[in-house]
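Below, subunit A partners subunit B and then partners subunit C, in two separate complexes.
And now, the complex of A and B:
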């Protein structure tokens, strides 16, 4: 390294230091600590931890509840990610055209993102209310949207989709604006229909954005907690069929004060997410189109 | 650029000045601090308590800053503070968690202070509350208040469907009959005679269990008789009420209090800590309280000793083990708990007192609403302390959910389900205690 490069590297490091320190203190240390705690029967207030090896893992993995919660989480992701992406993409394409009131629509669709998640959940909770909810009143039905174990997970998933569409849409609009207009002009001259243009130009050229959204949303969906926590009462009969892994973690770590067991649950979730991310990264080369 | 630099220089100077100015001006009286941080979780009580605290400030020169943190966050915050050694100076303790905090020496040992304090004599307070905040012979908190349970009913609904108002002589069978009549007559209006969820324990079904002679947690805190014949008989009575009450889905989604305040449930049971909510309700003129119903065990038609129980619980005023000035912290606690301010607390309608026999004024704190059912419970009913063990929440939550009482609540028509739930509950509690 020349002296200039050295000095540049030094300054560079200095400038990213706040981020590095932040990551170390706020992310890496807690992760290490969580993994450490998962091998202990934790005492109150972080005192008196007893090392118990893999006993927590044994208990967590042999518990029916864990697998049900993991399945619930995956089911939620199966609703939120595909629908959240497809609907957002369609909206983005529509709102990328020069139509009247475009920015008004963009604002409206982005609004759920600006609202506090707790407030969103409370409003939906009342919309879904079996007896007094707006939904059942308008539809003249008596559906127990959030208390019927068969459909409660779908109802929760719908809230997730509604909340995330705006955010995904903004990312898609950003991606769309990077596609050069020449392609569409050439396609027009060749007589390609709008639908054909969408599938042959927009979808492939947008694939890096799509991939980014899908990957981050999968992780986001797998760590879902607030929707179930806010919308469903502790005595809701459908709760066992809807509660996510993080909900279960909260229950054990904070309500029951069993931090070791809670830590084990999130370590397992971490491994699961790492595995999925690895598979996705491998698949990236095959499904993402780089021009 | 220059302007920016000047601006940041000015900002830095301002900050430095703020730091020096902000440092505590030495306290007026004998205490080494100028301010105490107090944490509570009930906003309804803040105003009244601040009034009492301000009176203390006049004598001590120490400012009292009362912060309200909602119930869930209160405990998260306190636990994080306890782990990091940063707790508020003075704060509330509750039966769910007291044992854990006491065993870990996180609360100030009050023994020497109490011994030297003429204003406090522990025998004047409710024994259950004193015992609760005593661990290994050491007193860690002073009783702040006590609460009892009563039956709340909506007079307008009783009038509308032509049913007699509940009285203090009602048995649970009377409640069942009235609930049945109102639920039937009110079906077209969506009105239910009664509403109770599995989570209404202390303020609900626990009381019936004691009326019938069983105990959710036995006196030594080491067992339960919820699965006994008496426990099953009590929950069978509960089941018959559930058959004519609002369905569990409705109470879980809407909440019993909301149902009642929307005029859709004619009767619920509630604790004295909730009076303010109903007192300030839009239709509060229609609301009235009666004592909890009783179980006529000997069948003589009157309520005898041991036939009517109400749960009671009491918060404690505790101080942090590492508070900057333990003398000041104790002085404030003692001030909250002395006879004069226990009376004042009742008078202001904050809560009933932790001291025995000074709560009559509480009944007059709500003009236009007769809340004497809560104070009369002390003489005319037997009180049992809110059931607790070291890790109360573990079994308490499990009893409310599937595998516990949620099953019979979902399907109250089947007596076998309720009996099975009592057996499960026995098992759940015993397992939880075994793991404590």
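And now, the complex of A and C:
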């Protein structure tokens, strides 16, 4: 090593040191520790933890509650991701044209992104109120938006879509601006209609952006917590049909103080997400259009 | 030609109609939040007649009452301190690590960067129990340090800044090297100032996500006087959930500061949040 290289190596290690130490303490150790804890029963009041092997896993996996929560989470994702993506794409295409008030529209659509989900959820809960809510009183309905187990998951999903379309839209606009304008000019000369252009130019050329959004949103949706926590009262009869995996994790680990069981839930979520990421990565090569 | 022009105009009109309907849907919850906040409790639960606008005048004083009775000044202070320290820590550690990963050669570089990637790939909930236990053992529950703790360093920020540094031209640094600047000087005087836009993005991103976080402050700051706006709202809802004007005034107070900052710096905000996400 030359002196210059040596000095560079020293500086390099010095510069990454705070981040690396932080990541080891704050992230890597916690991953190992969470997995470790999932093999223990959390002791009561000062008593040590008791090693129970795979008993937590057995309990979590044989509990109907876990599977229901996993299904609830997937159902939430099935609303938030497709609707959040399609509506955002349409808005992005509309806003990508030369029209007045573009930045005003963009500012409004993006607004939920800077609002605390706790506050957003509180407002929606009030909108959904069966007796006094705006929705039922304006529509002259009596729908139990958030306490009917058959509907509540959709109502929560709607809040999720409302919250995310602005963000997805901005990412789509970024992707759209990278598509060269001459593609559309050529298509115009050939007399291709707007719809035709959308499906044969926009959709394929935008597919890397779309794939990125879909992937991050799937993972984001699978870790949903705030909306369920704020909208659903603990006494709400629809709660078992709405609560997500992370909601369950929070309840067990921090409300009931059963850290071992909570750790097991989150390890299972980790495995589920890793599996999904792997599948998505493999699918990417087939779905995404590369030129 | 006239037909084409008319068609273009109709299309433009249609676009605006769709956009206005969507904008309306996006704004209804905010409007309803504020309209409820200025009603009396009686008006808010009156169904026949149902009031969209407050009937007995706009009770702006509701905000003052809520501000005082829920000690909003403390919630603002706690949230602000948390955001401030998280942004400072994130920017400081990420710019250093980002520079090293982006432009320097040093031993174990690949394996150390793998650590950054691992943190970004796993769901954040997996860190929470041990992080909580650490904070609790340090006796830092219900403190600002406890709130800041998980954000002392940032894998995402490191990644973002690394990309920023990699994008800078090579000859800038080489010229400085010939002039005899060491790595530290090159970083401080030449490279760091050039990544200002990435740093601003990271700062905004960190601030907004710290502001929105609910679970962590709920876990480490259970005390009403030490917690943040988000977790404070959750607490209030648990206690006074059926006093709707009060709750909506509280929600308004919680989101308003960020909305005002956002409207002023909206370009930086949209870019900061979206391009940060887009670069992942």
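Just so it is clear, the second predicted complex is superposed on the first by the 262 of 291 C-alpha atoms of A that agree within 3 Å, B and C clash if a C-alpha of one lies under 4 Å from a C-alpha of the other, contacts with A are read in each partner's own complex, and residues count from 1 in each chain.
We adopt the following convention: contacts are C-beta pairs under 8 Å (C-beta built on N, C-alpha and C of every residue); 3 or more make two chains touch, one makes a residue touch a chain.
This one's a predicted model, so the numbers in the text were calculated from it and none came from an experiment.
In this overlay on subunit A, subunit B clashes with subunit C.
By the touch criterion defined above, A:106 reaches subunit C but does not reach subunit B. After overlaying the two complexes on the shared chain, residue contacts for A:13 are found with subunit C alone; subunit B is out of touch. In the superposition on chain A, A:237 contacts subunit B only, with no contact to subunit C. Residue contacts after overlaying the shared chain place A:254 against subunit B and subunit C alike. For subunit A, the partner touching the most residues, choosing from subunit B and subunit C, is C. Judged by the touch definition given at the top, the superposed model places A:132 against both subunit B and subunit C. In the superposition on chain A, no contact is made by A:161 with either subunit B or subunit C.
Of the residues of subunit A, those at positions 131-132, 233, 254 touch subunit B in one of the two structures and subunit C in the other.
Within the complex formed with subunit C, the subunit A residues making contact are 5, 7-13, 15-16, 18-31, 33-34, 37, 87, 90-91, 94-95, 97, 99-101, 103, 105-120, 122-124, 126-127, 131-132, 134, 137, 162, 166-167, 170-171, 174, 209, 212, 216, 219, 222-223, 225-226, 229-230, 233, 246, 249-250, 253-254, 259, 262-263, 266-267, 269-270, 273-274, 277. For subunit B in complex with subunit A, the touching residues are 76, 79, 82-83, 100, 103-104, 106, 190, 197-199, 248-255, 391, 393-394, 397, 400-402, 406, 409-410. Of all the residues in subunit A, the ones that touch subunit B in their complex are 44-47, 125, 128-132, 144, 146-147, 233-237, 239-240, 251, 254-257. Touching subunit A in their complex are the following residues of subunit C: 12, 15-16, 18-19, 22-23, 25-30, 32-33, 36, 44-47, 50, 52, 92-94, 96-97, 99-101, 104-107, 109, 112, 115-116, 118-119, 121-134, 149-150, 152-155, 158, 182-184, 187, 208, 211-212, 214-215, 218-219, 229-231, 233-234, 237, 241, 244, 247-248, 251, 254-255, 258-259, 262-263, 266, 269-270, 273-275, 277-278, 280.
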